[in-house]
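One chain, subunit A, appears in both complexes that follow, with subunit B as partner in the first and subunit C in the second.
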Partner chain A sequence: MSTLRQRFLTARYNIFPDHVFGEILAKRWADNAIPFLTLLFVGVGLLFILPGFYTGYNLTEYGRQYAELGLIVLGMTIVMMGGGLDLSVGSIFAIANLVALYCVHVLSLDPILTLLITMGAGAACGAVNGFFIGIIGMRAFLTTLVTLIIYRSIVDLLLLEYALDISSVFPDSELWEYIGDGDTYGIPFVLVATAIVFIVGHLLISRMKPGWHLTAVGGSRRSAYNAGIKVKQTIFFSYVTCGILCSAAGFMYAARMASTGAETGKGLELTILTAAVLGGVSLGGGRGSVPKAIFGSLIVLLLLNGLLQFGIQGGAIQLIFGIILLLTILIDVRWVKNRFRLLNKVYVSPTYFKLPAPASIEAKSDSAYAVNDKLKDVSVIGLGKVEGPEDVILDDDDNLYAGSRHGDIVRFYGKNHEKMEVFAHVGGHPLGLAWDKDYNLVACIPDMGVISISQDRKVSKITDETNRSLTSVIDDRRLSLADDLDIAPDGRIFFSEATIRYRLKDWPMDCVESRGNGRIICYDPKTNKTKTIIRNLKFANGVCVTKDCQSILFAETFGMKVSRYWFEGPKKGTTEVIMDNIPGYPDNINRASDGNYWLALVGMRGPALDLALTLPDFRKRMSRRINTSNWLFPNINTGCVIKITEHGEVLESLWDLKARNHPMVTSMKEHKGHLYLGGIQNNRIGKYKIPDANKNWSGFQDYWGGK
Partner chain B sequence: MGFKIIGVANKVLNFVKDRIDYFFGRGKHSIFVPVMDGALKPNEFLDNVKVIHKEEDIDNLVINRSKILFSGKSSLFSMTSMKKPKKIKSFSGYITAMALNSAGSKIAVALADEKVVILNSKTLKEVFTFKEKCVTSMCFQQDTLVYTTGSKNFSATQWQHDLLSNGSSGTVSANQLDGSVSKVILTELAWPTGLTFTGDSTFCISESWEHRITFHQLDNDFSVATKIDKEINKLPAYPGKSFFNTKNQELLVCFFAPRNQLVEFILTEEEYKSRMMAEIDPSLWVSPTYRSGKHIREPLQQSGIKTMGYLKPWAPAFSYGLVVRFDKDLIPLASYHSRTNGNFHGTTSVVVDEQQNILVTSRGDGKLGGWK
Partner chain C sequence: MFKLRNQELIILIVTVVIFAGFSVFLDKFFSTGNLLTLMRSVSILGILSIAMAVVVISKGIDLSLIATLAVGTALASVLSSADVLPSIDLPFIYAVILGFIFTAILCAMTGILVAYWDMASVFVTLAMAGVIYGLGRTLFIRDELNYLPEDAAWLEYLGRGQLFGVPMPIICFLMLAIIMHLLLTKTTFGKFVYSIGDSGLAARTAGVPVRPILVMIFILAGTVAYFAGLLTAGAISSINTRMVAGSMIYDVLLVVVVGGIGLSGGKGGMHNVILGTLLIGTLLNGMVIMDISFIVQNLIKGIILLLAIMTDTLLNPRDEQTTQQGDI
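Entry: the complex of A and B
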């Protein structure tokens, strides 16, 4: 292949940020993109079509309208997030208007008291809806359609009685007038009030319990119920909140217009529903936010006034809004249905990665990797009892510890480790394990970070976040796949995060991508700070502090290399590749008793995948076209253990070729003349007797000396 | 002129449609693999059958009354009913196909070194030889040998090459065994094999890369065959050699390898495919095979990862064992499987003996299995 072609592939797939598209799509706020663009389109469009549209007086007027509209849309949003619908918003609005006018004009009450009474009326109306829909379990559509008519009739009846009384009095209240058309620093007072409601609402919905409960109920009623959320109450209160917000809007309207017209709030439900759906609030429930309500209501406000200024009549506006609503719902339905399909298709973004052919592993060759059957007589510990012991570790009393995919750290004890107990329940699948100098067991746990378990089995968090990098779309502050760790004499914990783009169960997918999403991170107990040291590693995996205690060795599984990083001494801060183009996928690294290091190869490279790594477009199509279970993957069914020097020279390899006893090796720890083998997809731990090994050597002694 | 414009427009439209199909993976770019369902519902039957004999690269079971012959690499074996077989002759090349005539007096053996040898079945002496490349199956019809050749470009052992080259250069031919040249009856077939006569002049062939079994009517002087309206297609595996059981009028078909979505995808990926074929050893290709998982550097698919020491039987596979029984109208009646984690892969040939025992060779695992 020509170098020009290589350069093109590198530019297209390694430099061009392909992965960002999928990452943005994976964000929750990606939902807001379409409403936001629509708003921009409408807003800028009006600027050009109607030159006088954004002049001073108009803006104030829009602000006042928006204050009312926004509140009602927020109410509707809350109801829709809970999986409901409120068609009676217009009627509640009209009732509130009437109540407020009656209180101020006829009873001459204080505006504050009036507001409370009005909101009380709105709450009562909402409570009726909430009672029938939430508590009794009636259909939202029919119930609110009926209450829409009932509330409207009440308004009509009351208007007959009180319209004259109201319009014959002119209230004498400065506050009332101020609410109607006062400004705060040039901004309409009502708009300021609404903005405050929005901020509080946003905090409640996105950051606090009521909002989370509401989203959960709307997303899946049954799951929410099973999770212990009070579904009926949540729905009930969503309608009450909506009623209160509508009545607050009605109160503002009353102060602004003092109108007793029978048309008040008629047909409002269509406008409000259009606004909510345009903003991206899902009719199916579970999806909505304050920004969505803001976008939606802004679009509708601009459209409404734009159409009015064009001289389009009321009936036609309703027609246009109806059509817009229909189209938006159509888009919404397709989006909700296809978003994750689209995400699945675009998320994997492969890069160009070319390696020369690796060293031979054939049995007849004189390669240090030549296959053999040394591991065939491995004795097996905990067969069928432990699942997924990615790493193992032993204490000086010969107890054997391992992680399991059930979220436990298990301990084997007794003479041949025939007995097993759960040492501690940690809640995640523990990967790398290490002792600190106080005999605490420190573990890397995906989605949780680094935790410590004391000898009296207390589990405590060490760190779960690092510094945020500026250019990453994914929030890389959180540790997502902490993999292996080791501890320096001064207590600093060096650990690897394999990838920030994939979860543990999808870890081989990172190979299909080969982008370099991993990193090495350091936690310093002295400052209690966590800092990323090295980025863009192709699946950072095993970490081991070298014997001179000045550097770490770390493996990049899908980069097929091992590097050395100095954190002390003359070479401090530098990284050097010590092994490259390994014929397998390197995993954990640990010290051996003879001063060298054990390195696990979790699987062996195959030429078919190596070739695919040089064809990113091929892999991209593969990820788009075929089911994940059929993807070409790294062959991690057979691996081996090799012994290396700190300069990366391979001394020997240990294989279980038939993979009968120990199918996969992700980790190994030497202890008193034996090598203990772990494997992330295994249901056993292997024990191999190392010929001529130091029978007194143990990991803890080697790191920390005497107990 | 007008026609020309329409013609050009048509071409452009077809090209655009082709590109759209390519993007969405539809039409001829579809990589859909039919599921095994109904009568083809997977079981583990073949893993548990009685193993009569073990022989590397066992293949080409043929039968005449109580006499059963099969091949192993370049050797010919003989066996009577379910008893221990013995080696009777060795050849210069791999045996790719075999046939016995109805009287049991002649054995036809096709060899990978491009020749077909006719033996006297008593003396095992060569009585006639003619040259032919890539013979995939043979059948005596009276004194004429009717046979299929898989490909013009590859030998019979290079079937993976032909598949990945989207080959369709196979033929059905007939040789009178009197020194005259073979007559070509059908051409441009996608790896035909499994030639079996189901009546005096009706025969079926498995068109492997088309995933179908078709029936043809042969005329009296072995020169023209007409396709008849009996066919089964969209098969989930590549059909191979077959056997027609005259007693109950059933057709038994061996499927030598499964279809795989990744392979179907790679068949549409010209660059990857051609570079793989040029640069990589065939045993490490992404391709169906008689037996996968032999070498640790072989490609693997995601579901093929062993979990808790266990390979999932439903994982997508590059090798499989499958024998299907069809009735005379090609309705599948029953199927016998060896799934991804099974031990009876690469089922290449099948016969039914006089006691109605079914015998099957597993070329991938080198086994001869049988059951009643």
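Entry: the complex of A and C
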């Protein structure tokens, strides 16, 4: 029976998709949300305020204007992504206009040749900017402010000389006219050309080396330099590109207007800058894209034309654009500064999770969990030599393998495992370990997936992605926190992914959330396909194939339960909970020599957190208001190892109350009469002699028979 | 009193060489009349440069100075002119005070945006120039050209009068330079300005009220610019708001950068402003006498400014470690 309050909490926190907000905010494209909404607002607003704003003739006219504006904004975006700024765009535009007109009108050159010459002029102007800013290291703002005057003076000087010549001749070129006012399938030709530039630009910026280098330089110059990127050249070429794009726009303008007015391109820099910042391109670099440039320039185009149709002019337009520029920079600064703070506040989205009081662990009780001190005298292997052996495994020659935080799998050998070597460097912190039938060591590594290490130490990837689910906002195709695995006789690898929402270092946050972000995934070597088979598990952890080889047992650490999933046999495809309401947090599960299973409890539940789990509003407030280090987290206090049957019955428990020899247990493997203990935060491996155990039993033989 | 660094010595020598060169090769240059004209025309530039210098020393920049100058002054003359508010018949001195309040409020806004909202001063002042001009033109100032009222005789004396044969603008410029020098070197405020320019973060850690000081710096700069505007109006009995679109702000930047006040902040003083003003004033005057067209003048000024910024960059390389994001 659930109370009204429980039903309310469940509806509010478990069914209502709180977590989606944070996930959307964490997406890169969320960055474009504000510009896109602004565009929508302006576009729809103009539709209602100015009827007739979007009529056919206007649209063609806007299209032509947009072709030019868009190119220049793209140029500005590229420069800004590299951490610079180009205020001389208007003057370069004017120079290009003049050069194009001179070539076509006076020299009667072919338009294609003219385009090349014009772009050459633009590239030269950009190169001057690039030289001073990129190579010499001058401030972009002031430098381009000065080149703005210099280029403008050159335009004025040339105009004095050639304006009359240009305006007295009418060119006789069909192609030139077509560029000026021709249509391609009803769309202005220049707009099509600009669209092609946008597509190529998008590919270059988002998918290829030049764009990555540019973003890296803009994001952090020093790091980019240290990473070996040629910072100076990158910046230099960003200005050259900007110059070329501006000159292409000037070329289009020349073909469209044939104007030798001295006002051409004057004050354009402010419009362009406003457009870029409105689109979400950050001043200071590292953040920008072609879609941003498109949004920004569209907003400005609509605003400009809207204001003009309203009859607003001169000072008022300056005032409005000044205020818009200030506001957008303001929003940009605040957004960039606070986005991740906001993300941190809304990302954790706790749910309602109620458990009954757990079984007693009192020493005097007759509970199977009753504390004892059996692990007190475990012997210690590799003290101080290994860091973070989450799981351990042994081969038939008694060599002991363990993962290490340094990205290695280490091997202890010798009679008492006193010698150590790095078995293989894998590059991530290995968690679960298992043998396959060819004696390859298979390991789960967070952020990397599942990898295999052969006996001659070759590291190869088995899988690092699974099928994408349609409803997930987070890209759940990538394996983010592969945790433990086991291998069925036919070679299928069943492994757990603890959570898709958090990284390894943030693992306790998944408990604060208790949403069920984990899953069990299966890799089939026959088809080489990886498929998610169970979703929404609360920190899926230990996985173990049962002795009948028809099912797996898996633990949910923050669900405090162990379940059994059948992948073969009559119950194929069904899941059954075999242990529930465990008094601790279950971790890895492995086979014992007597046909039962060892289960590690990494910590014991406490009433405070149990209560907090029923108060999602409280945990939400906690995650918003106080520092992460002060949160109420699951206790990793005292761990233990329990032995369970495949039906979930607890047979015995092994405790170490003082936790002196072996502080933490996340995994254990039985081997020839001993139990080897691993702990993800330990600097040692424990070895416990199991009384009355089969002295010849080894894991590899149990799974795969003799050698 | 001033210890000249190498850079300043070079500027001084260059100034002297150019001055001597002009004196020898331009026959109209070295005459009392021309020198006084030169001094008078550069004193407005000098006063504006004082305003810019304070901002630049604190590692900022103010591109809205000309807009402040023109709109503030035009507002003062409009408010007191007979045909705008005939019923009140505001005395000019009150109009000047109202103009001052207008400028101060807008400059405080600039300062708040820079200091409290963490926006780069280049962008804020670039946008504010448009805002100030647009606000003034749409709300108050109908005409581009605005004449001073009749009761502004005292201002005209300041603008074109003489004291002991020295034009008043020059005296104003020197007085202002001395006051600003004392303010920057002898007061806590001045020390704070330099410490903010050296490293805003360190100043803040050391307990300097960085944000209020930054707002005060912008108000101070705006006020000085407004004063320069009044002098300009006094000299020709009118003020033209068109000068906002002109290239005067580049001349001001030229003076500050050429004078040796590093754009990276925390360096330089009033002697740099005077040096820079002398050099640029001489150059401008020489170019006028040589009858170089306005366009070519702009070209030459642009190239000199570019070279000056380049020298400044090579002499004071930017510190990549402490350069903030968005500091471009």
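Throughout what follows, the second predicted complex is superposed on the first by the 703 of 707 C-alpha atoms of A that agree within 3 Å, B and C clash if a C-alpha of one lies under 4 Å from a C-alpha of the other, contacts with A are read in each partner's own complex, and residues count from 1 in each chain.
The rule is simple: a contact is a pair of C-beta atoms (placed from the backbone, for glycine too) under 8 Å apart; a residue touches a chain by one contact, two chains touch by 3 or more.
A quick note: this is a predicted structure, and the numbers were derived from the prediction, not measured.
Superposition model on subunit A: subunit B and subunit C are shown accommodated side by side without a clash. Put simply, if you stand at the Cα centre of subunit A and look at the Cα centres of subunit B and subunit C, the angle between them is 80 degrees to the nearest 10.
In the overlay built on the shared chain, the residue A:Ile323 is in contact with subunit C alone; subunit B does not reach it.
Of the two partner chains, subunit B is the only one touched by A:Pro607; subunit C is not. Residue contacts after overlaying the shared chain place A:Ser153 against subunit C, while subunit B stays out of touching range. Look at A:Leu142: by the touch rule set out above, it reaches subunit C but stays clear of subunit B.
When the two structures are aligned on the shared chain, A:Gly315 is found in touch with subunit C, with no touch to subunit B. When the two structures are aligned on the shared chain, A:Arg221 is found in touch with subunit C, with no touch to subunit B.
By the document's definition of touching, of the two partners only subunit C reaches A:Phe132; subunit B does not. Applying the stated contact rule after C-alpha superposition, one finds that A:Gln681 touches subunit B and leaves subunit C untouched. Superposing the two structures on chain A brings subunit B to within 16 Å of subunit C, judged by their nearest Cα atoms.
Within subunit A, not a single residue is touched by subunit B in the first complex and by subunit C in the second.
Within the complex, the subunit A residues that touch subunit B are 361, 371, 387-388, 508, 604-609, 611-612, 615, 618, 621-622, 625-638, 657, 659, 663-664, 681-684. Those residues of subunit C that touch subunit A in the complex are listed here as 61, 113, 117-120, 122-124, 126-131, 133-138, 247, 250, 253, 263, 295-296, 298-299, 301-303, 305-306, 309-310, 313-314, 317-318, 320-321, 324-328. Considering their complex, residues 83-85, 132, 136-143, 145-147, 149-150, 152-154, 156-157, 160, 221-222, 270, 273, 282-285, 314-323, 325-326, 329-330, 333-334, 337 of subunit A touch subunit C. Every residue of subunit B that touches subunit A in the complex is listed here, in rising order: 25, 31, 260-262, 265, 269, 271-272, 275-276, 279-281, 284-286, 293, 296-309, 311, 315-316.
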